[in-house]
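These notes open a run of structures that come right after.
Two complexes are shown next, each including subunit A; its partner changes from subunit B in the first to subunit C in the second.
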Partner chain A sequence: MSPIRSRRARTALATLAALAALALAPATSAQQVVDRWRPNPPASSYGQRFDDLFLLITVLIGVSFAIVLVLLIVPVVRDRARPGHKASFDHGSSLHDKRFTAVVSVTVFIVLDAWVLVVAMKDLREGYWNMPRPDTPDVLRVEVLAQQWSWNFRTPGSDGELGTPDDVLSINQLTVPQDRPVALNVTSKDVIHSLFVPDMRVKRDANPGAINVAWFQPIKAGDFQILCAELCGYAHYQMHGKLHVLPAAQYDAWEQEASAIALAEHDPNDAEARWAWDFKE
Partner chain B sequence: MSGDQIHPVPTGFLRRHVFSTDHKVIARQFMWVGFLGLFLGGVMAMMIRWQLAHPGEPFPLLGMLFWPSSGGAIPPDAYNTLFTMHGTIMIFVGLTPLLIGAWGNFCIPLMIGARDMIFPTLNMLSFWTLFLGVGVAVYSLFVPLGAAEGGWTAYPTLSSNIGTPGDGETLWAISIFLIGASSIMGGINYITTIVRLRAPGMTWGRLPLTVWGLFFTSVLNVLFLPVIGSAMILMVLDRVFGTSFYIPATMAQGGGGDPILYQHLFWIFGHPEVYILILPAWGIVGDLLSFFSRKPAFGYRVTVGALAAVTILSAVVYGHHMFTTGLTAMLGESFMLLTFIISVPGEILFFNWLHTLWRGDLRLTSAMLFSMGVIFVFGLGGLTGIYLATISTDIYLHDTYFVVGHFHLTMAASSLFGAFAGCYFWYPKLYGRMLDERLGKLHFWATFLPLTFVFCAMFFSGYGGMPRRYFDHTDNPYTNELQWINELTSTAAFILGAAQLLFVVNVLKTIRSGAKAPQNPWEVGTLEWTAASPPPHHNFDTIPVVLTGPHEFSNPAIRGGKDWIYQTEPLSG
Partner chain C sequence: MTRTLLPSVAALALLAAAGLLAPGDVTDEGRGAAPAPDLPPHARAPYGVPLSVAEGARLLAWDKDIERAAAAAEPGRFRKDGDTWVDARGEYAWDAEEEVYWQDVPASTLTRGRQDFVQFCSSCHGLQGDGYGRSARGLRPPPRSFLRSTFKFTKVPGAFLPNDDALLRLVQHGLDGTPMLPWAVSEQRLRDILQYVKSLSPEDSGWRDPTNEIGDVIYTPPDPVTDESHPKHPWYRQPEKAVAAGAEAYHKYQCWSCHPAYMTQKQLNALRGPSFADTAYDASLTYGKLKKDSSYEVLGYHVAIPAPDFTWHVLRYGRDAREVFQTIAAGIDGAGMPTWGRTDPDAKGSVPDEEIWAIAHYVRHLVATYQDQPAERAAFMAGVRSK
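Take a look at the complex of A and B:
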């Protein structure tokens, strides 16, 4: 081993060690716990599809990148310039080479791209794009009006109709039943926002002047984080809320109570509180 | 033709060094603007990372200077300005001038055997238009009611008066327009020069890959910068003259426009822009891997075909930036399919690069290390693009740190590594002095390792559900759980930032006491190395006659114990 090469190796090792030490120092000194490095388990009916496809892609690209690394590292170790060593001469322009390239490309496209594409299309059709239709039973329809910097939610209340005095309005808090599809109509008052419920694996932009649709079906009860994912100005980071998923019976009780309060407090002259729009399919 | 010059050697200082029409001088001007941009954007990145790891704590040293009213801590609006201008400056003031302005200007005439660009005055105008644009961008940081805060994508209606009332956002749009105009001038010049001024014998099949990369980039520049230019004009009209191209009728100020129109215009430009930045780097890497492996570039024609395919396909995939915007299912699926198709030429490029290295005689110079670094970081970034091209995974990952990690590895780190590779490779020809190789290699490792850590860590925080462009992730319990990743990322980012001082030291040392560069220090055969280091004003005493391709390394037909020949030498000689 030549002195240059060992010096090079030493430099690389020292850098690596320094980096590792520096990177770990604040973590250990602050005695931090690794809270979480991945999403919580999915809480929506199609959420598992995301997790499964994510894993599939990770495996596929992991293998691909490993191959790239091997092909990168082997020449570095084996074909390093040294006295008496010569490079092979190959333009890679023969018909054989071109065929080889074509075969590799097609293989990669089928194994990596087409596979993921097929799974994704299936997932979309059965999941995210399988939106509740007008005749789907038991749908909870929610109107979401985003504004700088809060979420306004409107649910139909006990009469099941949006735009009536018993609609339940809330800010930054959305209560929905478990195991029923929740259809969202999303828009915005001012700038573009994006409704993001990570645990439900759902996200949809709230565009001013247009109504966007999304849906999810909660499969577990509990409280889940609502975030804004699209930059919306000064307090973008503070525009978060809570999604409360209640078991069916509990939800019905909650809805009745909330609807009664809404009805009692309904003020037909309060224009601000009467935002609503016709549900569009 | 011998001794003829496109224009005479200027005598006055201003004409020689400031308002020069010499492509080599303009290349140097672009290079320094590019490094200034990288420095400014880099400092902003450090401030962003500081805020993310230590929300609300005063920024060390500079904090009291910029934000005395908050005790040196970065306020939320200033934070929004920081990431807006970080992106804008890095792309338009850092990487574009460095890769396309500097290496494009320097390499194209020298590599094709020309005395200068075909339109030298347009070339000068291109630089000074950029300079004006940069001036406007920097000035916009200091105007009343604040600088641009709409993100580098500047989606209306946040970038309309409703969201950002200050003059900063208007000036931002004007500056993008000016820099775009500069790129269009450069693109026209590059394309025409490559088509018209190739030396005798420099057939399209003998062009170095660097020139091919710059050629395709110029095509994209000329086609798509006008689109962003028009988007910026509409934005300025909306902001200053009260029109409502982007403002919907539902709003008090509205008149029937559509904010989504802007997203289409922006991404019709914005996606090709990614390739505008990466194609020159790919070209440089394609050449350098061959030069330092002492092997011909594997599958030259296939590589050029793949670059062309990427150029064409780059125009039809932009919708993958808008999967959550509300594209119809059919449109979304079409863009998803097209995006998957663009991975095929990308994969062919990788295949050819790795094949070029295989059984070569690898000289691991700094330029070579950075070129191989491109394979690594673009490999990581490109493969993780699959998550984002797939609608069903993108819906969750969109606008999280996953995207930030992905595009920094592909667009930012890969073009940066390509620019550095070019810098270590051509600096001797540009200034006639060698950069220090030991410092260069140290610079590579001290950049490569923390950079990989920083952007891979972002994959984890993004996968964990952390949205981007948040001032403070500890504000809600969900992203607070991921704050530990932010802290690690920032530490690595500070190391990455500090490591760039190695490059500054290297350049300063070279200016003071660098070894004089021989005419051809790297023993490669492309035409720029037949000229002196640095080349004279007219580049070549006689216009060279090209007899061979750029990559005839280790050809058994080469005599005399060398493993290379100049492109002007015959193979059987």
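Take a look at the complex of A and C:
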């Protein structure tokens, strides 16, 4: 005889065990399990801010969720029908209940929402939306042209000007320097896409006919994923690229060589291949 | 009672009015062509784009495909009449005058192919298959136009039309470094799409031209580095020896007249022999060259694509030495790359198989060592460019 007698409880336990196995396997350490459930550490200057905000929201919501659960479960257990106890329930129409409801409503809908509107929106506006790009002329400007199902990137090359023959054009590969702000202009040829570099904590929609701006400043060298975060058709899942972040000195050498190759490849008769636009700051 | 009913009645009346005013079903005339009666749910396309093909197509067929069909068909369908096959169902027919087999592809197959073509391919290759879809703008290399029946990277020598299997492999493999993805669509659907693509050949060209011949993938002898039947070969299990031989062969056969050279001018001249001792080259020696005469036409103007630098560019169809061998041996139809290998084992190629294998290993070595390794590549190319 199993120590747990209820069949339902056994099923619930088995499900929980399966979920735990799914969550843990095939991890070899507790750290691996933690890593699996959180995003990669941020690789951009403002990335930590987003992680802090994410943590704050998770904790706030988690605490609220716990309070609501307790408020739900306690009466359900306390007032349930059992031998010697009749189930009790309440329409909540007494004056006391009405007062209580009014107080909670006022607190939640006025005090909390007002706080969210005034304080949180101010934080978002100044700290998370339209964050000012570092005020330096040393910015790498990148034009991103999305299409079904690829990313076209254009970087200015060694002359620093977009729309010139030495522009470096690439498909699904973007090479940027470390510790320099990268300003992006994102648009699309066909449908709505969304440029997403999770490690840089940057995501911007690519709308046909509109140029959307974003920026990030990589603080780590390495290779990172570029994804499309907007369902854009059949091969949306294959629409990914690679972001190479090179240390500054290596980047300069790379840029020089890439520009030289771009110049060798430049075909003056092929006007259509030069799709640059006036960069929107 | 009236007070509660009134808003509902008003809302219903509004809905009914909207239904009366809204356009009804689009008529067949409006669609440009009559839609097939059983359109699958995904078969939606921009307004006015026909999604069905009214007539079947008579396309060139490959002898080997017919032999395979005969082996797989129910008994009694195919019989031999002298040297040629006779298909009782009439799908394949021998044309005694032109000495080719024709395949009658039914309109239903082409319609299925057309619908998947519109869904998967048309954003780049265009709704008409002319290589000028909405997403094609500014793409380099430009998407293929299916009206010209030349295909790069099929591994079939340029003198022939590629067979269906070669095209299928190409579509499933994708072209690395371009938006041509590895297509994970079921084989049957891909084959229908291919039939439709072949049917796009204009009258008397491509698969509608009986003077064309469909060819097999280039003859591919075993790789001496891995060929277990010849363990005495000096390169057997020693790829570095093949790479060294490949470096020599690459420069001996003047691959650098289109691709970059990976030797200093002095080394190159020493390799070319005493009469070249003082030859000077211009700066483009270590860069890919733009060949105007091999350019590809897009809507009336020419697009020139340079030969790749193996330390820099992604190889379109060369993930291993075997794929590189086949690309070199078969050449690239529609580009400056000629057929270097031999089309069948009895023929003689312009470059011996063993040297093509060496060059293939050398190219893979360049890709693996220097691509995406900016520091190593910069040092290597600086050495090559020093006087």
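Here, the second predicted complex is superposed on the first by the 187 of 281 C-alpha atoms of A that agree within 3 Å, B and C clash if a C-alpha of one lies under 4 Å from a C-alpha of the other, contacts with A are read in each partner's own complex, and residues count from 1 in each chain.
Assume a residue touches a chain if its C-beta (ideal position, glycine included) is under 8 Å from a C-beta of that chain, and two chains touch if they have at least 3 such contacts.
Please read these numbers as outputs of a predicted model, since none were measured by experiment.
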{"item": "Partner chain(s) touched by A:H244 [first = subunit B, second = subunit C, both, neither]", "value": "second"}
{"item": "Subunit B or subunit C, by number of subunit A residues touched", "value": "B"}
{"item": "Touched partner set for A:N269, first subunit B, second subunit C, both or neither", "value": "second"}
{"item": "Contacts of A:L95 with subunit B and subunit C, given as first, second, both or neither", "value": "neither"}
{"item": "Touching partner for A:G233 - first (subunit B), second (subunit C), both, neither", "value": "both"}
{"item": "Partner chain in contact with A:W149 - subunit B first, subunit C second, else both or neither", "value": "second"}
{"item": "Touched partner set for A:D190, first subunit B, second subunit C, both or neither", "value": "both"}
{"item": "First (subunit B), second (subunit C), both or neither touched by A:W254", "value": "second"}
{"item": "Doubly contacted residues of subunit A, that is, touched by subunit B and again by subunit C", "value": "148, 189-190, 233-235, 238"}
{"item": "Residues of subunit C defined as touching subunit A within the complex", "value": "119-120, 123-124, 134-135, 137-140, 177-179, 181-182, 284, 287-290, 298, 301-304, 306, 309, 312, 372, 374-375, 377-378, 381"}
{"item": "Residue ranges of subunit A touching subunit C (in the complex, touch as defined)", "value": "145, 147-150, 152, 169, 171-172, 189-190, 233-235, 238, 244, 246, 250, 253-254, 257, 260-261, 264-265, 267, 269-270, 272-275"}
{"item": "Of subunit A, residues touching subunit B in the complex", "value": "8, 11-12, 15-16, 19, 22-23, 25-27, 30, 32-39, 49-50, 53-54, 57, 60-61, 64-65, 68-69, 71-72, 74-76, 79-81, 85-93, 97-98, 101, 104-105, 108-109, 112-114, 116-117, 120-121, 123-124, 127-129, 148, 187, 189-192, 194, 196, 198, 201-205, 207-210, 212-213, 225, 227-238, 240"}
{"item": "Complex interface listing, subunit B residues touching subunit A", "value": "76-77, 80, 149-151, 155-158, 162-164, 248-251, 254, 257-260, 293-302, 324-326, 329, 333, 336-337, 340-341, 343-344, 347-348, 350-352, 354-364, 372, 375-376, 379-380, 383-384, 386-387, 390-393, 395-396, 398-400, 441-442, 445-446, 449-450, 453, 460-461, 463-465, 467-473, 475-485, 487-488, 491-492, 495, 551, 553-556, 563"}
